[in-house]
Amino acid sequence: MNELYEIGRSKLGRRAYSFDDIAIVPDRRTRDPQDVSISWSIDAYQFDIPVVAAPMDSVVSPEVAIQMGRMGGLGVLDLEGLWTRYEDPEPIFDELASIDPEEATPFLQRVYAEPIHAELITQRLAQVRAAGVTVAGALSPQRTQEFYQTVLDAGVDLFVIRGTTVSAEHVSKTVEPLNLKKFIYELDVPVIVGGAASYMAAMHLMRTGAAGILAGFGGGAASTSRKTVGIHAPMATCIADVAAARRDYLDESGGRYVHVIADGSLGTSGDIVKAIACGADAVMLGTALARATEAPGRGWHWGAEAKHAELPRGARVQVGTVAPLERVLFGPAANADGTSNLMGALRKSMATTGYSDLKEFQRIEVVIAPYPSAQ
Amino acid sequence: MNELYEIGRSKLGRRAYSFDDIAIVPDRRTRDPQDVSISWSIDAYQFDIPVVAAPMDSVVSPEVAIQMGRMGGLGVLDLEGLWTRYEDPEPIFDELASIDPEEATPFLQRVYAEPIHAELITQRLAQVRAAGVTVAGALSPQRTQEFYQTVLDAGVDLFVIRGTTVSAEHVSKTVEPLNLKKFIYELDVPVIVGGAASYMAAMHLMRTGAAGILAGFGGGAASTSRKTVGIHAPMATCIADVAAARRDYLDESGGRYVHVIADGSLGTSGDIVKAIACGADAVMLGTALARATEAPGRGWHWGAEAKHAELPRGARVQVGTVAPLERVLFGPAANADGTSNLMGALRKSMATTGYSDLKEFQRIEVVIAPYPSAQ
Amino acid sequence: MNELYEIGRSKLGRRAYSFDDIAIVPDRRTRDPQDVSISWSIDAYQFDIPVVAAPMDSVVSPEVAIQMGRMGGLGVLDLEGLWTRYEDPEPIFDELASIDPEEATPFLQRVYAEPIHAELITQRLAQVRAAGVTVAGALSPQRTQEFYQTVLDAGVDLFVIRGTTVSAEHVSKTVEPLNLKKFIYELDVPVIVGGAASYMAAMHLMRTGAAGILAGFGGGAASTSRKTVGIHAPMATCIADVAAARRDYLDESGGRYVHVIADGSLGTSGDIVKAIACGADAVMLGTALARATEAPGRGWHWGAEAKHAELPRGARVQVGTVAPLERVLFGPAANADGTSNLMGALRKSMATTGYSDLKEFQRIEVVIAPYPSAQ
Amino acid sequence: MNELYEIGRSKLGRRAYSFDDIAIVPDRRTRDPQDVSISWSIDAYQFDIPVVAAPMDSVVSPEVAIQMGRMGGLGVLDLEGLWTRYEDPEPIFDELASIDPEEATPFLQRVYAEPIHAELITQRLAQVRAAGVTVAGALSPQRTQEFYQTVLDAGVDLFVIRGTTVSAEHVSKTVEPLNLKKFIYELDVPVIVGGAASYMAAMHLMRTGAAGILAGFGGGAASTSRKTVGIHAPMATCIADVAAARRDYLDESGGRYVHVIADGSLGTSGDIVKAIACGADAVMLGTALARATEAPGRGWHWGAEAKHAELPRGARVQVGTVAPLERVLFGPAANADGTSNLMGALRKSMATTGYSDLKEFQRIEVVIAPYPSAQ
């Protein structure tokens, strides 16, 4: 089972698997797509679809957050993004969409140097709340203490703390780190926290009282963390490890079910299917939604790690624009490359393999079948 | 043997193999190609070659079905294709061969929206029957109840029910599903049914009384099901699993031999050889025959999943035209890329490794030797 | 050890390795290149270098055979090639070097349709003998009975029977096959025979009394046998299997050492090193010598399987011309791509890893380290 | 653990891993980058960063050696390079940067044919010493006896003996080989020696009394040793093997800690992270520093094996110029490809995974996750 291979005489390592390394296989039963439920709930919040739009400037504007809610999902606004640094960020998005590749990183470094304005946090969240949908905002662990009161005062239904990696045990000699356990305990709203990329990291985060865990390490299309810092958490393994923590913590806690939200490398509908198959309860999408007509990135996509002043670990990448958000999620698809009708594909996949809800579908058989090219 | 690898701490998976992952190796004996038999029979029908032309519009027209029969094989007409929707589909084939790639999916969606005309089913099958060859037509499971009586009345020797995946246990809350067991039992003609991509799926289909099973999951060159729905059934593993079901069902049924027809990813003669080596009794060819001069697709190829209105899971792909059907099957070949003299290659491969008939050849030794590029 | 993997529930397979899958690693000792011997002998014949030029028209002309002998190796003339079909084949070589790719296969099929003239066999071998070097000629198993008397009368030191696969047990209902055991027993000259691609095939050939075995299945750069007939014998595994037969036959026969000559996929000096490391006593080179200025192919290369009238399983490929034969074998090299100074590289590799002769070097440690691209 | 796979019936081999085959994964703890120490010491010499600039003409000039020292690292001058063969090598560097690719190898062969001048060794080392930084120079094992006295007289703090492979047991019938053990014992200065690519090779070198071992086999971007001589020592395995020798020799010697310096294939900051994770104490950088504005190679890079007169086993490769040395080492980075802020990346990686010094970081968990392309 937990097989270790010898890398060299003083080092062992596990084999880890990415989505491209695996596939699901049909079994003896099939089902009508209409009979399949892909609904999902966390805490008191019900969603028709298991999709959370990632708190990234290229993906979620206040307007997109509203649309996501209306379509049955959840949009999370990045409260450290351009929308809370600029009264009107639209010209910046325009400029970023047209500058040369070699200018992109310095440009990102510059525009994100502008300070965050607390009143803009309040204003953006109010705009989403006014539309009557579930409100969610995200801060990095570094900024949480500075701005969380502003966020709570503005009113959010779900609070997201998101970094490439977030641990329950951050050590610092100079700064008093955020005590996640105390913080979450005292907070009124449910917290989703991550990334966590291993069983133990997830277990510790679950013990802080979080309602949901982001499983992943920011390893999406726009990330170069493997090349820059040598870190890579292949998603199939990552999700299955974090799901094991969910199962063991459920037992340890006497019944608290912490939701696992896959976060990273989810570029196509096939990836979404595999994430659930590996144990995720829902998926947080970046690239896949950055391709929507309404996405603020205008066909471009970048992550928080791309704007780092000293050590950028990601780039602005062109993902293109394929269709309006509604068609990206629900079709009809005008192509067959897994970039639109994401929910139809998930439903079809579950029907073809005979499953009726997401929780059951986590048990489907998976095979290891790496493929080098696009196929 | 049935080794499971840990994908993550809550998920195990088998390794699955595609044709590109394997090769056959010669052994101590060789044989004259003339002494090799590649004949095959199913029910009362004898065939000189183990080739079934796939029920796809780009592969089989009534005329191609007739030619296939005359050359010793079997051509299966898609009874939900353009030939049963249009009195004269030729102009549609012409147009499809010339439109731009980005127009292809919408065009397919549109032309297949035309309803199927029962009288055209009758007419097309009559045309094939008149030529004196074995007559076979295919319906999808969804349409079988609607049209099977028309098909039987028109007269077929073999009835094919083909979908990407067909299960003996389809569940629906809204529509009464086809009871395959009852349906096959009551039918007068032998039924070939599939795809089945696992041991259990095949076992259940065998128990319905089918004469043959299509092993595969529509995973050919024109399919993008892995990218769109995350499903992939690598063919070497798929065939060897379904062949195991054949062996076990033979025992369970006290002697009923259900034929296994490999269906998918059979692009070259080398793939055909490997399919038999993994346990197939015959092969259903799409791409490989779409390259014939007589193929209706005019060098283009597409599958049923490409025309889906909401969720296309395949594309129109250019396969080119290499030679007349007879040379594609029997040579002489004017090139060495595995696209012509498919039967000569099979015969040569069996002779080189010392085998004299297809059933014996299923026992040949296979090695795992993946190769990334063309080699 | 002899580990089998489950391809599917009714099929197991071994993992087989190509040269690209392996590498040798240095160990604790190093040695002066001058102290390294790369000499080799078979029967009464001594060679300074373990290189046999392959009986292929693009590699060996009578003139090249003479040069190979003078440089310490062995050149084998293909006695079914253009030199024994045409009084003056030079114009054909010229034309072949300039025709379009799509014309190459038909052209080869046509020029090799010309019959073989026995008197040309006599004449070509006499030319080589007159130069005072070791004389070797090759026939295919199919032609051996027809021409071997001519060959013996002309006088050869070593007789080579070479096909993609040659078995000691060829079965035919129509033609009386060559009884290799009887044939070799009655012959006066030592016989080298192959290809053999498995332990059992090699064992049976050794029992015929052959002096040397060609290990391989014609799997070089110019072959497409994997694509056309699904057959592939990855060379590292093939050589190590045949070398195991040598060891076991040595015991069984009470001391007869049958030489193993690796034949196929030996494109660079690194491949030659690996072939010896896997257990070969010598190497038969095609592509690597087709790059010499003196090679008759003029920078092009093709094998016997490329000219097959019905089922060509190889192509004319451009290998380029890198240097005169002497520099290809002994340097100095003007580049670092493994195409020249083949013997210097072998010597250097043995010195770097501390070995002093070829027999010892067969024991060197090998690691599995596949690499997809050129590196 | 030390699992062997069957390559063929007479040959077993280990699986060996390169940096591209592995990644590190975050765990349950994180840490402030400011609290992370990346300092390193060998013998009496302390360094702020674990970086040794490789003794290669394209990387280290006397000026670069001085700068490396001032920035907290170590620059090693190649005492057999252009700086000790020419009074003013700058015009040669200029010319080499502009000649055509096919001229590069002959040009290198020619300019390195100029003899080494002892007085230039003295002069170059004096220049570095005058700057007040740690002085280190390198000779090949072949030249050590000829020039070491010159080097010692000139005054070095650290003496480096570097070849593609260096063994404690070099065998020669013609030349009295360097007795490393005796040589190192009698020397006043600490010696760093390598490459060593296996446990045993490293163990034997440690027993000579060396202070540090270079782990590797010259397998960087500019090397073609796998293609030419079939030798390849994948770095992750190589380092972990040599680190095992360090551990076992520490026990055997009763407490002598021999430093392991990874040497080869360290092109990006991610590779540096992985080298430490596999057990290295420090890294010797070629390509990564050849990209600095100050590097003498002017954006080109080549190794000692590229200039070999008979058997070049490397090429001049273009690595480009990305930033001044200080930014390459410490940032800020203007891109996210792992070519600048190498030390910031190492620090970040250690912080993200919760480690506080290099020695601890050698214990971090590593996963096997090969990736074919850039990701």
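Labels A, B, C and D are assigned to the chains in the order they are written; within every chain, residues are numbered from 1.
FYI, contacts are C-beta pairs under 8 Å (C-beta built on N, C-alpha and C of every residue); 3 or more make two chains touch, one makes a residue touch a chain.
Bear in mind the structure is a predicted one, so any value in this text is a computation, not a measurement.
Engineer: Which neighbours does chain A have in common with chain B?
Structural biologist: Touches both chain A and chain B: nothing.
Engineer: To test your reading of the model: what rotation angle superimposes chain A on chain D by C-alpha positions, in degrees to the nearest 5?
Structural biologist: 90
Engineer: Taking all residue numbers at the chain B/chain C interface, are over half used by both copies (same) or under half (different)?
Structural biologist: Mostly different residues: under half of the interface numbers shared.
Engineer: Centroid from C-alpha atoms only, then distance chain C to chain D, rounded to Å. What do you get?
Structural biologist: Centre-to-centre distance between chain C and chain D: 40 Å.
Engineer: What whole-Å value do you get for the distance between chain A and chain C if each is reduced to the mean of its CA atoms?
Structural biologist: That pair's centroid distance is 56 Å.
Engineer: For chain C, give me the residues that contact two or more of the other chains.
Structural biologist: 14-15, 17, 237, 372
Engineer: Which pairs of chains touch each other?
Structural biologist: Taking the chains two at a time, the touching pairs are A-B, A-D, B-C, C-D.
Engineer: Name, in rising order, each residue of chain A that touches chain D in their complex.
Structural biologist: Those in contact with chain D are residues 4-18, 102, 105-106, 109, 164-175, 197-198, 200-201, 203-204, 217, 224, 226-234, 237, 305-306, 309-315, 372.
Engineer: Would you mind writing out the residues of chain C in touch with chain D in their complex?
Structural biologist: For chain C paired with chain D, touching residues are 1-3, 14-15, 17, 22-32, 34-35, 199, 236-241, 243-245, 247, 268-274, 277-279, 331-338, 341, 344-346, 348-349, 352-354, 356, 365-369, 371-375.
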